[in-house]
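A, B, C, D, E and F are the chain letters, set down in written order, and residue numbers restart from 1 in every chain.
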Amino acid sequence: MNLLILNPNTSEAMTASIAQAARAVASAGTTITAVQPAFGPRSIEGHYDETIAAAGVAETVRLHGAGMDAVVIACFGDPGLDAAREALEVPVLGVAEAAFHAASFVATGFSVVTTMTRTCVTAEHLLQRYGLASRCRGVHGTDIPVLALEDGGAACVDLIEAAAREALARDRSGAIVLGCAGMAGLCATLSARLGVPVIDGVAAAVRFAEALAGLGLRTSKQGDYARPLPKQYVGWAAPLGW
Amino acid sequence: MNLLILNPNTSEAMTASIAQAARAVASAGTTITAVQPAFGPRSIEGHYDETIAAAGVAETVRLHGAGMDAVVIACFGDPGLDAAREALEVPVLGVAEAAFHAASFVATGFSVVTTMTRTCVTAEHLLQRYGLASRCRGVHGTDIPVLALEDGGAACVDLIEAAAREALARDRSGAIVLGCAGMAGLCATLSARLGVPVIDGVAAAVRFAEALAGLGLRTSKQGDYARPLPKQYVGWAAPLGW
Amino acid sequence: MNLLILNPNTSEAMTASIAQAARAVASAGTTITAVQPAFGPRSIEGHYDETIAAAGVAETVRLHGAGMDAVVIACFGDPGLDAAREALEVPVLGVAEAAFHAASFVATGFSVVTTMTRTCVTAEHLLQRYGLASRCRGVHGTDIPVLALEDGGAACVDLIEAAAREALARDRSGAIVLGCAGMAGLCATLSARLGVPVIDGVAAAVRFAEALAGLGLRTSKQGDYARPLPKQYVGWAAPLGW
Amino acid sequence: MNLLILNPNTSEAMTASIAQAARAVASAGTTITAVQPAFGPRSIEGHYDETIAAAGVAETVRLHGAGMDAVVIACFGDPGLDAAREALEVPVLGVAEAAFHAASFVATGFSVVTTMTRTCVTAEHLLQRYGLASRCRGVHGTDIPVLALEDGGAACVDLIEAAAREALARDRSGAIVLGCAGMAGLCATLSARLGVPVIDGVAAAVRFAEALAGLGLRTSKQGDYARPLPKQYVGWAAPLGW
Amino acid sequence: MNLLILNPNTSEAMTASIAQAARAVASAGTTITAVQPAFGPRSIEGHYDETIAAAGVAETVRLHGAGMDAVVIACFGDPGLDAAREALEVPVLGVAEAAFHAASFVATGFSVVTTMTRTCVTAEHLLQRYGLASRCRGVHGTDIPVLALEDGGAACVDLIEAAAREALARDRSGAIVLGCAGMAGLCATLSARLGVPVIDGVAAAVRFAEALAGLGLRTSKQGDYARPLPKQYVGWAAPLGW
Amino acid sequence: MNLLILNPNTSEAMTASIAQAARAVASAGTTITAVQPAFGPRSIEGHYDETIAAAGVAETVRLHGAGMDAVVIACFGDPGLDAAREALEVPVLGVAEAAFHAASFVATGFSVVTTMTRTCVTAEHLLQRYGLASRCRGVHGTDIPVLALEDGGAACVDLIEAAAREALARDRSGAIVLGCAGMAGLCATLSARLGVPVIDGVAAAVRFAEALAGLGLRTSKQGDYARPLPKQYVGWAAPLGW
């Protein structure tokens, strides 16, 4: 199957590292294509960044969505998820969404360890939207900048490990969700150190996308994910009209 | 005070009619400036439209937000609200948000009557986000296209009135929230016909924006609405970097 | 417009100070009338006090409600709010209600700092009733007696500031709601010291009352706020029959 | 044990009929004293009535509460419940509260059939407050005036039976809660006709009050039900100060 | 009345001590029969234990349920409660359920102090199921093994008292629910020491069972507690077919 | 990978048909082993049946769980799920759980169409437990006996199709979850007829189990899914002690 991994920010290095993480976990027979928007922020660390990035996701699924069997949006805020689902017929998954669902299968309660504290509210809003707020026992910021993860130094791992340990104890949680697509490369290390399930959303989304595609499930076109209505778009967005 | 009314779609006619509705209800001493994004869909009737429109809102508050005392986002999905709050220090209100809050002051339960049935889920998600889901007793679509409201013919009014009457009876509601900024002009007529409070979000947002500005309240810059972090943006969005 | 500020307790000093706070924030053209019940407790610091005070509110709106364009109930428990809404056709606002709504417009989450710890549950019940419990990240008592606020000494302010700082940090909140009408006079000082939005319910209720009246919105008379049914009352309450 | 049944309205006929219903279900060894406030409405059919009646409850527990082992507030809105709990050390139960809890023991979901439709919201607010909203599958008004129940004619019973049958079917419920203390006398008849548990709050409250007293449980004086603080009351309420 | 107390574990010592606790609180005229399953774990400290014990409850109500007026399931996880309700027509109560309801009558918020921390989630799931999660302010493990309670030494009591004190302060609670049927014998001591209502579920369930039976209420046979459908069972469960 | 499909009822025919459905959807490289308990009901249509079946699941995972890479419990009530997770280290999935999660990826809201109306409450309880209640817009019974599905006649399909069509329209849903493992064979037909995603839990669970195993995720052994404590079991359950 053809799986599109869409990095919503415009850091090529992060696109490459997400693609690598995705390929590492993909089944044989899954071809990964990784792209990023032509415009927008180099990293996503707040509502403003995310809003522009969501438009980048929307544009990109129009340009690169054709011929794909499933799409993964690889930023922990799941920007543009509803737009992509509306625009496409194949399954579309966000990495936060996939991680929350995966954690729900292996623990009665999980904690999220993310980057900037200011983005905790984004995870909380997603949990509320997806219905899984009652399964999450805490969202914790580490205040590591997203782009610092690109270097992935030992200090980063230690910081995240410490935050995860405290979360497990304080929240009475059984699993850790890594709250940033840029943490994908640290998942194995953290899992080994912590001794509990550590969930990277990119990996979870890749495998769940394969599962949904394998089931022949497609995004419902009845109701609120029905194809966009015919409409004129203007400005740089003119080609996006339906 | 200077109040910016931001129509997130690119229909100039709708911008004009929203501006007119806003000026009709604004206090003496409030100067209304109405703008629309330079790009995006002519009307917003789904997730895809809304995602592009939200980016338009984000760009527009950068260009037109300076010198304003408050901002109103005049589309019932409140696109780009969090981004605008993050980008600005003055109060920013969405018209759905304002309408839900206003209805909560005059009835124990209200119903929403909106345009396309497919957009009901957007209102439901906002109600959940704002915490007011328990105050709303039903969201009802009429399947009137947004742009048909520009003509505002008698048939439109009758259709909305009928849906509102059914909602009041079936939902045991005491008030009606009009679920589209384009319905602003119909509010007085519907209110007179229905004999219950009918709330137009544009009007509510204008008056609440005046109230918040009058109170000297500004968007919190502590925590998740803190100013965006310095960051490179690329493509058409390059000027949006912080 | 004529705005009735109803202090539900029987402390004339507090009525005067609430009236002063209200006049300080009211728009030009708003005439403030401040009253208090003829019976009941000198301050409200528990359920018993509040229940008697609510009856005082109910009686007072019958005696003083005529000719008013809006009514504000100026005690943080919002006693008698539903009764007043049922008895009147103009908008009626509670100060807790107004403060919670105002905070919701300027922060994704807020904390309440109130007087006696034993009254925290009242704020929690109101938040649940109004639907805004998910927006409030914590309710904190300072155990300052309500009447001690009349003196408003520096010690009071310091105590409240300290509680607010701890609340902001511990709750990850962006704004503070002052949980007592008697704190109205301290709002500006606390706002300056804390650097986040600090919301006094009296001020918020005055401005929102003006907003609702300006919108022409009135309490719904359809359903559960319909006028009281004709009925004999006995004892001191005999004049309250409908 | 000595059990005080407090009818919050001022209809002596209803006090008598509630007392009769209470004595019919009380255990041997339970002495029932039935009282009513000296002031207030003859029946309670809305928020205004209820607010005055709650003050009557508060006054009455001061005058008649001493020497009692438990108190039951016999109006389906549970007016003054928190005040009475604060004022007393013995258990205090509301009949709505008791009925909801009883229904929760014999069915996974129940429906409420009440008098005036306008009072449905009161039941809904209580269910939300008590936490049992998820156990109630519907609240239904019959628009029978409370005082019409005093005659208890066959037409009343038929009307309530019909509403209950529809509720059971439409709500997929297993039990019916009678939403008015004045329906106590109809419980056996309705139970026989409907073939499902029909719960009268007066009976449930009497038996649960006996149970709590038998367990030696008393209202917590730690926290929000602690004794009222010493305080001056004025006007007719002067004797109520602590 | 005949009351069956069913200890879901297979410790005869615990059955005896639960029976003693039940008899100590039962009304004159109530005959207590205490039984335990013929199979299953000696104590219940996790999901696996509980699942087998629930089957033991289901079998036992078939063998011992006849002729009883009410049944109490005396393990804090309420194992087999729905099965027993389906199988019988008389009221069936779980001790956790009874304790949560009892606490709700005497405090606005309560805390649970239980045995193994790993079983906290069971209490949380029950609170969610029963709808009373909003009334519980915290569930706390002491990591005392269930069978250590049989000795009931002073160390146990001290440990539970300390956990309860911390819970009352940290959770702002007014009452303590003992989270294990094996703690029944410690209730009076803890109550005296803590000065707040301390609720033992066995006692609460006995008295509530008497109350429900006294009211003539029986488990609803309409809907989801209807009698099991005729069906072949095989293996050791063959006699359990309907 | 080795995947154990556990049919909790004792119908061999249903075990075979579930195995067939599982193999039809499993990836190449997945070996399906299908088992059923040695005791219990031939079909599960209520709480009593389910409670015995859950013990069957618990016993069976002890006997057949070793050497498996994942386990699926193939009955829509997910009986014994927590016990199996506690007993094993590999991922364990329930088919209801898997179906609800799958539906959440392809529609904003879904409806469940199940067999006996009396089992709707089981689905509702699971949705509440899993946190996905807000994603489900309705649970509908068809009153088809579970074993009638074994014949899978055209009448069955028509009945389910009709119920699904009504659910989609009335609930404003975008997808249908089939509420019985015995409906697995009808999924393709119903999907083709209805034109929306139709989710069979058996298929979803198989694919999600492969996904979780592929991710290297295992059930958390920290906290409430930790291995059962060493303990004596008696009676037929004696071999189940730890």
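Keep in mind that, in the parts below, a residue touches a chain if its C-beta (ideal position, glycine included) is under 8 Å from a C-beta of that chain, and two chains touch if they have at least 3 such contacts.
These numbers were taken from a predicted model, which means no experiment stands behind them.
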Can we say the copies subunit E and subunit F touch using the same residue numbers, with more than half in common, or are the two sides different?
same
From the C-alpha centre of subunit A to that of subunit E, how far is it in Å?
43
Rounded to the nearest Å, the gap separating the Cα centres of subunit A and subunit F is 27
Hey, what residues on subunit F touch two or more of the other chains?
82, 108-109, 117, 120-121, 128, 134, 172, 223-225
Pick one for the touching-chains graph, please: line, ring, star, complete, other.
other
Each pair of chains that touches is included here, namely A-B, A-C, A-E, A-F, B-C, B-D, B-F, C-D, C-E, D-E, D-F, E-F
Residue numbers on subunit C that touch subunit B, as the complex places them
25, 27, 82, 91, 93, 97, 101-102, 104-109, 130-135, 168, 172-175, 191, 195-197, 199, 203-204, 207-208, 210-212, 214-225
Please name which positions on subunit E make contact with subunit C in the complex.
108-109, 134, 172
In their shared complex, at which residues does subunit A touch subunit C?
117, 120-121, 128
Counting only contacts in the complex, subunit C reaches subunit D at residues 10, 37-43, 45-52, 54-55, 57-58, 80, 82-83, 85-87, 116-122, 125, 128-129, 145, 223-226, 228-229, 231-238, 240-242
